[in-house]
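As written, the chain order gives the labels A, B, C and D, with residue 1 at the start of each chain.
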Amino acid sequence: MKNVFGTNLTLTLFGESHGAAVGGVLDGLAPGIPVDREAIEGKLALRRPQGAISTARVETDDFEIVSGVFENKTTGTPLCLLIRNQNVRSGDYAATKDLPRPGHADYTAFVKYHGFADYRGGGHFSGRVTAALVALGAIVQTALEKRGVRIGTHIARLAGIPDRAFADYDADITLLADRSFPALDGGAVAKMQAAIVKAKEEGDSVGGVLETAVTGLPAGVGEPWFDTLEGLLSHGLFSIPGVKGVEFGDGFAIADLRGSEANDAFVPANGGVATATNRNGGINGGISNGMPLLFRCAVKPTPSIAKTQKTVDLSTGNAAELSLVGRHDPAIVHRARAVVDAVTALVLADALAGRYGTDWLRGDE
Amino acid sequence: MKNVFGTNLTLTLFGESHGAAVGGVLDGLAPGIPVDREAIEGKLALRRPQGAISTARVETDDFEIVSGVFENKTTGTPLCLLIRNQNVRSGDYAATKDLPRPGHADYTAFVKYHGFADYRGGGHFSGRVTAALVALGAIVQTALEKRGVRIGTHIARLAGIPDRAFADYDADITLLADRSFPALDGGAVAKMQAAIVKAKEEGDSVGGVLETAVTGLPAGVGEPWFDTLEGLLSHGLFSIPGVKGVEFGDGFAIADLRGSEANDAFVPANGGVATATNRNGGINGGISNGMPLLFRCAVKPTPSIAKTQKTVDLSTGNAAELSLVGRHDPAIVHRARAVVDAVTALVLADALAGRYGTDWLRGDE
Amino acid sequence: MKNVFGTNLTLTLFGESHGAAVGGVLDGLAPGIPVDREAIEGKLALRRPQGAISTARVETDDFEIVSGVFENKTTGTPLCLLIRNQNVRSGDYAATKDLPRPGHADYTAFVKYHGFADYRGGGHFSGRVTAALVALGAIVQTALEKRGVRIGTHIARLAGIPDRAFADYDADITLLADRSFPALDGGAVAKMQAAIVKAKEEGDSVGGVLETAVTGLPAGVGEPWFDTLEGLLSHGLFSIPGVKGVEFGDGFAIADLRGSEANDAFVPANGGVATATNRNGGINGGISNGMPLLFRCAVKPTPSIAKTQKTVDLSTGNAAELSLVGRHDPAIVHRARAVVDAVTALVLADALAGRYGTDWLRGDE
Amino acid sequence: MKNVFGTNLTLTLFGESHGAAVGGVLDGLAPGIPVDREAIEGKLALRRPQGAISTARVETDDFEIVSGVFENKTTGTPLCLLIRNQNVRSGDYAATKDLPRPGHADYTAFVKYHGFADYRGGGHFSGRVTAALVALGAIVQTALEKRGVRIGTHIARLAGIPDRAFADYDADITLLADRSFPALDGGAVAKMQAAIVKAKEEGDSVGGVLETAVTGLPAGVGEPWFDTLEGLLSHGLFSIPGVKGVEFGDGFAIADLRGSEANDAFVPANGGVATATNRNGGINGGISNGMPLLFRCAVKPTPSIAKTQKTVDLSTGNAAELSLVGRHDPAIVHRARAVVDAVTALVLADALAGRYGTDWLRGDE
């Protein structure tokens, strides 16, 4: 199905970095969900470039809801949202159109689309497309919160500088909602931002690890073969430009434990069942167990850098050098956080709709 | 779509650990692909328990091809394969039916299926179901090899003991094909197996990391939003019991690099384009770039252990203790390797069929 | 997705007429649904050949439930059902393997599968595969009846001989449940059967029209673009061998009415809304309106006939003649009725699961 | 998947009759397909209201291609097309918002979406949405024609007045391409249009039957269970507002034939195989046989009529009367023709992409 994601709640993204607009269509949303423009703008602001640590291309991200909303509530029919591109300087790219940027999709898009893809600024592969994803995700995330499902993401590590771990999940999720640079440890913020500025000054870029917690997800969501919660979430998360690893609970570290350490013991809790530890990240056998969901995404350093790089001239097949003169992010980790939240909201809402029916997300019945 | 995986080549698995059989239906295979029983048996042997380092439950894995094969070749219509369960001792499980095993799907299945799931030996969540997956994957993997796409997986780490990295990908894939305990470094085999035996003697289990390489995959396979190669592969890989992390190329380590280090420079090669390094694991922007695919799966220690564990009695809600007396694996990492190969083969064949059409996998046109 | 049907409740059929077995996997069924072997056998009996008016190949249709049922109830995991082929006389087909039967799929299967399809008795295209469909549909239809959704199909016309129309839908559905030759007008039965016998004696076959009513379906099921109830049902119904037309309500006859005649006026009814007439077959805008669903399928005369027919020898490309000597049905209309019921049950259960969630079909919550 | 249609080539429609716009996203198109604005405008003109026989609401149908086209060719990434609504007089509908129009989706949408749907002019159920479908279909139909697959639809019957049957398929398809009122028999045009005008004068409407032929479709396209060509096409065609029946080849009339009459004999032709007759409409066993595809859609009379009708006031539950004062079509059969062509093009292109790969539609390799 290529570029359609989801089963009961489906998302189709469209648009190119330097085309008319980016946007998306969300189908399968319950009718009657309030659509709050401020909530959408709030999430878009978290994704927007931030001063010295970001690209100089700043878009206002004015969005238009083209369909699927009537009198400020979802209708239940497909919701199309459009964000026009404004601050476009395509001339930046024409000179280097035959020189694929290392680490980018330029070369693979050239091969896949036989040279017909819009090469300007990465075209459909541009992180710009995530603006639409974040805006649509905001509608879903807001609705999930009303149903008690809360999502929060922090920078667990950036340029090797660690944040503190989640402590009180719900308090930390509240704390993160207000932070445009989402570290839990206030002290880490300055260090991380300094590392970004330093990389930028050196014509380079840095990466990091994002860690996400979800509270309030009911037990019993996910499928064994093959729509596990891990499988569904990772499928979505790996679409985010730059994500090269996804792990749940203790993730790769669990591979070095003994079974007696890795197993989360079950304990009675509030008339139900909880686990004493949460090394499996709230998922057993691919299905939520009622504990907080916990996962991490590895985000590689932004591939667009000022330093001269080696490439191949696709018009001649010869070796070439490339010096990027466009406006680039020395780090996208902090901006990618809003995208991770959006993907998480969409995947969970889809799984919940499959289990409890179309109208579950509205919740008033 | 719950338990159906794939778009053009779809797999549906069925069966329970202590039911009549496990099996699967593979739909969308090109007609005319040779089906070699020995090749299937060879892959099943790699998955089968191996003496002291494995469970005492050994199944012969006799399989029946129920449909979709005529005169030893695929017909192009759905291929159903069945493996009867034989060595079943369900009495092992009846006594502990209300005591969910920590780290297993017992509790989440109980919640999800409202107590109606077959609880014996994990039912449909059992690793036993992977026998059908491996058998069906073997047909696809054999066909891919004839088209030049080769897959190999080794134990990169087990109980903290490292194997050497891939050196010459193709030579190493050949080497692994013959090894029932798939480490590249002969010296690591004995150490890893000793660690497994030791864990078993202590009533415990160990985990590890599997690393997979794929050579011969054409550039241009994968989709931007959301069917990236990483997304498709991870979706399948996380279904494998015990997998808690998936990373591509340098994976989580790439998050600590600078962009100038992480970007794989393009270089002219054999009239085409290659990359000087392969830190992105053969994938840019979600699409294959023609370099070897490289990824790793974190496999947690087997949750079934002899040591006494804490759990909750689901019939009373009270705390309880659980001592497993069944037959269990002190490690499944080496056995999971065959499952990783099978999932990889299925995902790649599906993506290739989408790009090049139904008949591509047969290849004689 | 080729041979997988459904979104939340999916069915994959497999098997060939003269292979080991036919069968299917049903995924997405609610857990806890009673599985009654007698109900399945009852539906299979309706599909089975009936004496003089049917083929001499009679199968006992012994079925095995391979997975997905535990202690006589569905588990919620994939349900695989298998029916072994027993009364197989493949020799009937070897002599005519290069002579495609007119009206059959022999030639199109030859082209599509490049000569690799199992040609014996139509292989995977055989009506034999519908035995599995009927058996799986029986489980779903029985569960739907417990939720108040009832399905009944009669032969509206056979060889030009008409049955009476539905009068009291629910009474007529009850009446049809017991009739192996499903005409509402007892007098039509003898005439229709005589027409079948006459056609058989002349080495020929007859067709007819099946009409189906569904009561108890809630209003609000179906989607505008493109999963209308008409679209979903017709998608399934056209898979039934021999179906060449599907119409809802007045169907083709509505094309000759004026709008003032074709529009079903809304009237208050039992505190809700009903329509005064039902010319639209219980569907407005693709969505159920709470009135009985009503639709008809045109079933062509069985293509297998004893009369000599013209064909082409695929091994030479020359014109040839074909005289079928196997065992054939002079009519399948009465047998196809059980298949129409099964497809209807599956499509409606899928749509209801999408709207109300996985567990709706069980209904006890 | 609700409102997403197709497997390899997917279409998602969005928009409401009186909202900002209608539009659609087409994903999976081969890269490099020329996008000709005039060809799109030509198809939109065929769908547009035509003077006395149509509604007075005339839209210019100015469309914007938002994404997926670069330098006048498809990029291979999702193509979003938008048509702004201009001639909107929503006041027409406010007064009757609680009075569902008989024969329309007003009542079913009210139930399905719990009163949250945009009720103005039918909202997302409006035929207005088909403008986007026709525009996107035009791109695909133009590309199919370059690959030799040609589609043509005529009004086989309107208000009981018959057109002549297809004679020379290819010549007739050429002839129809230029006719805004698509009857093959010039004499029928005046009679049909007079019947429309008469119905309008009487405050009423008429229906009809559309017949479609497709030439140049290769043999071997379609799947047995359940993606038959008939199933796929009917799934799409029943989404078109007003379609209540779909039949292939002789359709319902074939039910009254003998097998010896209904079977299309195979005959050698041009080094290949053809059939002597085409009563099965170019499809055997759900798969194309290389003969022209032939099918018919029953289109009911437009439900919007000026005559007073009975309905129910949804705000009170009481009986009510309704007199529509908006601008309505006394017939949509001739306009629906462009929609049938578009749906046919999309379904066939999807099936062809599945069989031959993504790039088949472009065709230059």
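Basically, a residue touches a chain if its C-beta (ideal position, glycine included) is under 8 Å from a C-beta of that chain, and two chains touch if they have at least 3 such contacts.
These numbers were taken from a predicted model, which means no experiment stands behind them.
**Q** Measuring centre to centre with C-alpha atoms, which chain is farthest from subunit A?
**A** Computed centres place C farthest from subunit A.
**Q** Please tell me whether B-C or C-D has the greater number of C-beta pairs in contact.
**A** C-D
**Q** Round to the nearest whole Å and give the separation of the Cα centres of subunit B and subunit D.
**A** 45
**Q** From the mean C-alpha coordinate of subunit B to that of subunit C, what's the distance rounded to whole Å?
**A** Inter-chain centre distance comes to 38 Å.
**Q** Any idea how many Å lie between the Cα centroids of subunit C and subunit D?
**A** One centre to the other, that is 27 Å.
**Q** Going through subunit B residue by residue, note those that touch at least 2 other chains and give them in order.
**A** 1-3, 7-8, 13, 77, 112, 124, 224, 354, 359
**Q** Write out the stretch or stretches of subunit D touching subunit B in their complex.
**A** So the residues of subunit D touching subunit B come out as 7-8, 77, 224, 354-360.
**Q** Please give the residue numbers of subunit A that touch subunit B in the complex, ascending.
**A** 1-3, 5, 7, 11, 13, 100-109, 111-112, 122, 124-125, 129, 157, 159-160, 199, 203-209, 219-228, 230-232, 234-239, 241, 243-252, 254-268, 271-273, 275-276, 280-281, 283-290, 296, 298-305, 307, 309-312, 314, 317-319, 354
**Q** Name, in rising order, each residue of subunit C that touches subunit B in their complex.
**A** 1-4, 7-8, 10, 12-16, 19-23, 25, 27-28, 31-32, 64-68, 70, 73-80, 82, 112-118, 123-124, 359
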